[in-house]
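Take a look at the structures below.
Below are two complexes that have chain A in common, paired first with chain B and then with chain C.
For the complex of A and B:
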């Protein structure tokens, strides 16, 4: 492999890195520019006259802390619900024998392939019938289970040696204690990586909340951001970018903290 | 422990997942199927039974036909941008360079963390024909950026680029992991025989990586069509004149904007059947190899 050729490949890959990252960097930069400055110094990466005016305007126009809280609260509920329901189901599939086990597992996992538009109308009708439109519960309830989680936890449990559990069972330790004190600590890396992905996905969730949340007080961050984007042109980009910059902080922090866990387990997962 | 208690435990463990999945996924498929035989507007107390009329109109109604053609265009673009391109890059990273592989992985993945609403907003700035940086650079070079929201074809290209910005790193890592699971001794043996690198890749590596690549290919179609929903809704709402709509987006438009529940449900069921077919392909070609990409 010649040196110059390798260098050429690296240059090519660095260009791709720039395409991946530059839009976000410019977004941060523009959020500290006035609308005027953003027009007149388009390619200026470091703002000439950095200003917090966009963030101040946002604070006046929207209930920023309410938005952050709504998004955080829903993402937390969804994440815990998905982790809880998938771990329980996975342990049933891994440690018990029952009739139609394989068929049931296949049906569960196959639900990953069901397009959301196929189930959207009936789900909307159910949530409306239960009087849950515009509520947190209405958004969260249909999302409390995710077959991706069942699949991943079942795979993770397969790797835990059965002998370990047998020893615990012989010692007469009750099942729920085996689950809490033995399985959960052993699954810690999986819980972190799967949980991080569920949380990020839910933090970014757009389609289903758009159908359920119509009242601005119950909005999440993505819905509020959508309100700042005009399809006819005339979007105030610095303002929209300030809101986006606030939005991306949480997923970025999670990524920086758990990057190793997330990337290691991605090969067998589905980050939406 | 008694036998009856033993039977109860797995049942209780499966209960939360089974309840949610059947109420919010499995039963709704059946209900959508039922609704596809009626004309309804989502609100009226009565539904009119029309038999197969809604399915028939999927192939005769010009808007429905336009949406179907668009969907095929979307799939082709998504496969190129979100499958072939990351595959090419993963081959380069795996076999043409030696250092910095970890760093590329970390950086490529960053856009996957962000909402597509953010992606749609940023790219509608980057590609804004009047005030965006791309238009600015092109103007300096004496060219103009076309107003892509006015053209169905260009809008589809941009919308696909936005999803590919988000998905690229994720698919790249999946494919790279697949390449990493190919036994090194096979590659070393080929190197000893001094086979040219492109032949090594074409004749040995690509066939060995078939399982993972088919998995990612199907994922690209299934998730790509779902992902592209968000930038469509944020930027074009399916326009100009349904030019950037696809089968998933049009289901939403019919159901919640035009209140044509019957047509929406027929589209929903057709989408389901297509995805079911892709699931069948996945099971046929990938599941047997599942254990190999860990």
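For the complex of A and C:
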């Protein structure tokens, strides 16, 4: 490739990166502005009079640790539940022969393409009928199964040679032992990467918890954020940005810790 | 350790969808016997082994372990060990852990476990790599670990599916010795699948030669080589391949055109031939002598000599459409020489052209 062409590509990619990063910088910058400054110069990237007042207010006004704990607790439950159910289902698809297997797999995978908004109401009705509104179980339960996970784990299991499990079967190793001692350790990179994606998705989940949770004590971070940007809670923009900045810390840490696995997993499954 | 188990296959068939992979196979493996299943790839030898192991279902017929239907036995009752071509070592466990895992799951006492592991590590020269993971092992070490994992169970039946095909030729010979040593020590029944005839000859008490889902012959290596039951076995065993010439019976003689290959058929076989019947004349390359050409000899011209050091492979052209491969230790023969060809009458093999059966 010629030098000018390379330069052109680099410039193009730099612009793309800037577009991607700008909202985050914008968020961080406004979280350090006063309400007044943010009204006057919302696009000013470096605050003229940086202040921590928004963070202090948040500490006083909301139960930050409670919010973080609620979000963390639900995201963790959802992540472990999804990983466990996806691995079990994927093992069944990979290792058992049963009628309509391929059709069933196709239907499962097809559900990935069903928009959440279309199943939101039926899910809500089921949860309501089960008397689970306003409970953690109500938020977590419909999220425990996930076709994306099943598909990713089925693909991962395809790469494990059948002979490994055959040796175990001949040696009379019980199935649960094969699952715990062999499959889980062998799929560790996949579990970490898929788990991290599940966790981040669940951490950011907004619509479903909004529908289910009414008690402020069990609110998650995205719900609390709503208070500062809705007509109901007023629009204290710098406060909302401060809360947003706090909200991204945990997913960011997870991403940084497991970046290697996440990137590998995405590039190897072709899921982009 | 208990003695080896008796394995019987009775009219066993295996179908994959509509294709018959194994066709009504009968086979008896005696207790403590080392039986080799030998055949070209796709002949169904691995499928047969997998059916014995219980990894493949049997479409028809029965697999019996000491007279009991194996399909109704659990893997613990069967007490089998198996080594796979790709070794199938647990990647998340070290060599020692790979050896120990099955024993641990079945709650064999720690002392017994340690004792057996140490013995195997020593026997198979794996002490140095005992704490290495499979990804850190060489091909030979992986193969020995897989063997060790099979040995440690002290099972009554040891199944090996082409365990040496992924390692270097030099290592293969050493591994062959190890497998033989294991068998001599343990006296368990061994069924060993390979497509390599040298391996089969070296290891097997008996060899079952398979082709196209059927057993063509089960016999000792000597019998298989010298008295093949049919044309397939004759051609499949032996390197260089047996010389085969289609010839006609004529007045107790066997002729190819004007050439007389056999002058007294009755001396070779009691089989009653019909006049003008076409049969195959077979002779292995080492059973032909080259001499100075005389009147009574089949005469030919040497067209090619390949020196293998230990012996020479000489190609002799008898006619434009008829060449013979000869193995000889005589280094004086030159390309272009006219030679007389003498067949060792005792070693001549005759086959039916229709069904390929041996007529000797």
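Operating definition for what follows: the second predicted complex is superposed on the first by the 244 of 272 C-alpha atoms of A that agree within 3 Å, B and C clash if a C-alpha of one lies under 4 Å from a C-alpha of the other, contacts with A are read in each partner's own complex, and residues count from 1 in each chain.
Here, contacts are C-beta pairs under 8 Å (C-beta built on N, C-alpha and C of every residue); 3 or more make two chains touch, one makes a residue touch a chain.
Keep in mind that this is a model prediction, so the values were computed, not measured.
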item: Chain B versus chain C as contact partner of A:163, first or second or both or neither; value: second
item: A:212 touches, of chain B and chain C: first, second, both or neither?; value: neither
item: Touched partner set for A:182, first chain B, second chain C, both or neither; value: second
item: First (chain B), second (chain C), both or neither touched by A:150; value: first
item: Residue contacts on chain A - larger count, chain B or chain C; value: B
item: Chain B versus chain C as contact partner of A:242, first or second or both or neither; value: neither
item: First, second, both or neither for A:173, with chain B first and chain C second; value: second
item: Where chain A meets both chain C and chain B, residue numbers; value: none
item: Residues of chain B defined as touching chain A within the complex; value: 6-7, 9-11, 13-14, 16-18, 20-21, 23-29, 31-32, 35, 42, 89, 92-93, 96-98, 100, 104-126, 128, 130-133, 136-137, 149, 165, 168-170, 173-174, 177-178, 219, 222-223, 225-227, 229-230, 233-237, 247-248, 251-252, 255-256, 261, 264-265, 267-269, 271-272, 275-276, 278-279, 282, 293-294
item: Chain C to chain A touching residues, read off their complex; value: 53-55, 74-76, 80-82, 84-86, 88, 90-92, 101-102, 105-106, 149, 153
item: Complex contact set, residues of chain A against chain C; value: 161, 163-164, 166-167, 169-174, 177, 181-182, 185-186
item: Parts of chain A lying in touch with chain B, wherever the complex brings them together; value: 1, 5-6, 9-10, 12-13, 16-17, 19-21, 23-24, 26-27, 30, 38-39, 42-43, 84-86, 88-89, 91-92, 95-96, 98, 104, 107-108, 110-111, 113-126, 141-142, 144-145, 147, 150, 175, 200, 203-204, 206-207, 210-211, 221-222, 225-226, 228-229, 231, 233, 235, 237, 240-241, 244, 247-248, 251-252, 254-255, 259, 262-263, 266-268, 270-272
